[in-house]
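Take a look at the structure below.
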């Protein structure tokens, strides 16, 4: 779970990491007031769960309260790169001497943590990593040892002497935060040295491990604040993994790998998937009914491809689930059903026996994808 | 004719007395796996259809000589269950449990480095050596014994692709569901190395998916160390691009994590990359025929 | 550093480990008062830095305040196995259902920690370990992982079900104490199950790592409470390792191994060492003078054997140090001086040139030991 | 003609700028050891008689290719100094520092198990391969090159016994002062194993002392794995018996820890145990002559 910047900064402050003074604003007038409180100027930033705000117009330096109100109004009205914006963060403007970058991230290639620091702030960090990797210091942190003083020394050695002590304090506290709050990423871009010698975090990116949410009830509460599409919410509440896409073939499958694979096979057949929907291990009539409702609520869908490989899930159970679901949900478009694996023949026999007018039963994944593509073209 | 599990496997199941645990334990036993013990704290002395239950792994190992563990305990306790098995000298642990916190797994991962314990998973379907032993939840019915080694990040794709192989009469030496969690036990490299060294494996299949750089690193390994033919499949060419906040991940791996990049990395070192699951079986059949 | 039982129990209580109510008493009357406060009876125990109190008369069950006073008086007067006793601990008598044993110790053979537990309390634990080792559960604890719940389960599995939960709580807290307070041993013998179901620590043995004392100033303060021989104190204050023994040849050497070896060689020559004194790396006149003073203050000493192997220490410096020391300290018995190693010849030349009447210079360790033994026999 | 250190040793000194550090660094260099770097946080960029100082071990390794580290930093920081060297890929660390807390060393010990770093010490005089390299504080003047390997728990006994050997014209392949702290790096077993495998070592000497069970375990190892002759010496037959509060230590080792018990264990497996340091040299001379 990616936290909004202002949430990340609340965590930073709770762990003693210095940040600028700031106020979360839900209306333009609040941004103007914040700017007045900060002496007439403010930085106004959209609060969204994506990066790239600086280049995308999501951050604006405002030299007057009015300018802050105008910026906030624009952001709240227009959103950011397709994301709804329901709040902005207005922060004091500070005199910056130099900009740096630091982060700590769970490194899946080693199974440990990797801490990064560079003195080259204010540039695109991915470009820097590609073109001048030697400018970025990298330190592996063993989870059983934690961040040690020599790690910190190695990292801050990248910075000018004046910033080392302040940056060391920040990176130590970042690791504490990461560890205690089960974050998989903490990133500060930029970390800055101010004219007065302080080192503070101008930005805060924190990603929390979803698997660890049960031990952090406060994060679970935060999750409620993120705007979510009502259809996605319905799927989520039913325990389904659903992501809306921009094609025309609705997809239902069991298992993330198989669903991803289904998207690919449909694409190769010349159509585009309207969604990603993984029902996981369950294939009850309830699950199937909810899945169909979710997908059929998308007006772009011209046909549905239900792709089930029976492993532990038995295909006869799936077949009955689909048929029962269709007594509750109106099939407004054709449904291509592929049942394979455990008890597949019996499942197909059940489907064939029901002779449902909207169900087309096809035995293999490739043929089913071709049929779904054909049907969606016909319906266009 | 196999790696990791075989006729010498003596299986202990942590969390055997739970619903899932009992179901799959009995299923594995029915397949022919030598299931010798279950472990559930507080239930020592009971049994499940003749399989004795112990309070601790150490007691179970002492009493039964178990050498392999399968874990079904809940995500809050599963990481410690792995450590308990490692401390008790278990050589192979297959952790089926989903939802373990990454920090807990990072600790486990670091700890196992100094031990002789091999971990498969977590959040994985386990390992099967067809005809010899099944440790996990891969449906044994779809497998047949043979000479193709198979390792997969995705669980359902294991079932799907094994089914395609079996349908074409291509048997498997061992199928490994390594799991897709960020911090996991053995990966492509360790699996491919085992298959390369297994005299009863002629060809190996690896199926990857978007995210991370496991496949890219596997490609480098194949270039340097693998002589046997490898067929690959990558899922997720059309998958929705994940939202991404920080840059650190991309800096760390130096990889875009896309299916296209992974397929390209593998093809660059001479690995045939299938575009659909059925094409995997076709390429394998062609390769074995050639 | 071995803590007195009452100090160990203070630590136990600070870490939430249940112990009996008790009072430290410096006078018999205080023990009587304590017994009255505990309802008329008490267990009175000497506070010393050695074990084996139960068998040696160091623990007495007293059924009346008078009996407690009598016991305390005896202990304070007679001491315990040669140790001065300046305080006793009077504790409430509790109804014991069953006795166990538990401990956690730094295990030098693995470099980690080993936790032990057995249901067989009230017996000699070393005998039990030898004769029925299977009754003792042993669990290796990796320092990087700490004591985990499965370790605790494995340990308490040795106990009756009624005691397991209470014992688990105790062992978890023992490990916390050991870790946080840099103990190398925590031992509870017996750990008991009371009639009311509580599990409590009747005894407390805690050994603290001397090397870790700098980070535990409270322990350093405790160390002041242990009675110490004034001669040993003087040596300790001068940074010398000194232990009084019961022979007649005073020993001074550089390095613990060499001094131990010197004791052995003297014994083989037919004499007995009067002490162990290691001057470490230093061989200044000051160090040498203090060492000689310490040794000559022992009336049993009939001759002194100074055994120096010059490694980093140069023998010429040692020779000058010895001569200068003898201008400050009166040599009342002969001194056998063996200088070997770096600059040994020059050192011996300096000694020979000084022609000090009480110094006998001998080039090798074996010959020097023989000479020291001969001189001490002569002086007998 | 040696183990652990030799002409390929490229030495880095942690804490080189302190008084002790500087003294022994220059002494080791004068002996012929290739001292390439010093590390002292905050003093990067300085030098000591031409030896460059760095802020971190990683930087020093990167700049100089150091493969061995010697540690003189104070006891509060020495454990981390070992970890820093291990993380920087240093193969051999000799920690001279005395007084490190056992808990810190226990962490280090556990961590090193998963790495390729070998630790000697702490609280030890280091390692010398006479004529090739001296890493530590053993006076090089008392050593001569030869074919006897020597490992000792006690520091001053190293000097004493090497002196006795040299006086008789018996040279040494490598002398290892392993240190006597409760938690330490390589011990008798690892040292004897190295000497056993070293084609230029004909005979080995081990000198132990009272306490612990290192010598007893070494005896078992010798019985099982050592073919070359071993001569031993144990100090402390007459040493004062330590006061002892708890029983756990004795239960753990199952050993009384006395010099007599250690000598007996070694003699039981055919090791000749000298009773005085000079007898060590005599036994070695006899053995080499025989």
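Each chain gets a letter, A, B, C and D, in the order it is written, and its residues are counted from 1.
We take it that contacts are C-beta pairs under 8 Å (C-beta built on N, C-alpha and C of every residue); 3 or more make two chains touch, one makes a residue touch a chain.
Note that the structure is a prediction, hence the values are computed from the model and not measured.
In this structure, the chain pairs B-C and C-D differ in their number of contacting C-beta pairs, and the larger number is found at C-D. Set against the C-alpha centre of chain C, every other chain centre is closer than that of A.
Centre-to-centre separation of chain B and chain C, using mean CA positions: 54 Å. Chain A and chain B have centres, each the mean of its CA atoms, that are 27 Å apart. Measuring from the averaged C-alpha position of chain A to that of chain C gives a distance of 61 Å. For chain A, the set of residues touching two or more other chains reads 142, 144-145. Residue numbers of chain D whose C-beta contacts span two or more other chains: 107, 110-111. Taken pairwise by the contact criterion, the protein chains are fully connected, each one touching every other.
By the touch rule above, chain D contacts chain C in their complex via residues 75-76, 99-103, 105-107, 109-111, 125, 137-139, 141-142, 152-157, 159-160, 163, 180, 182-184, 207, 209-210, 212-214, 217, 233, 235-240, 243-254, 259, 275-278. Taken together, the chain B residues at the contact with chain C in this complex read 41, 44, 55-59, 80-81, 83-84, 87, 107, 110-111.
Per the touch definition, chain A reaches chain B in the complex via residues 2, 49-51, 103-109, 111-114, 116, 125-126, 129-130, 136, 142-144, 179, 182, 184-185, 187, 189, 205, 207, 209, 211-212, 214-215, 243, 245, 253-258, 260-261, 263-268, 272-273, 276, 309-312, 340-342, 364-366.
Residue ranges on chain D touching chain B, taken from their complex, read 110, 113-114. Listing the residues of chain A that touch chain C in their complex gives 144-145.
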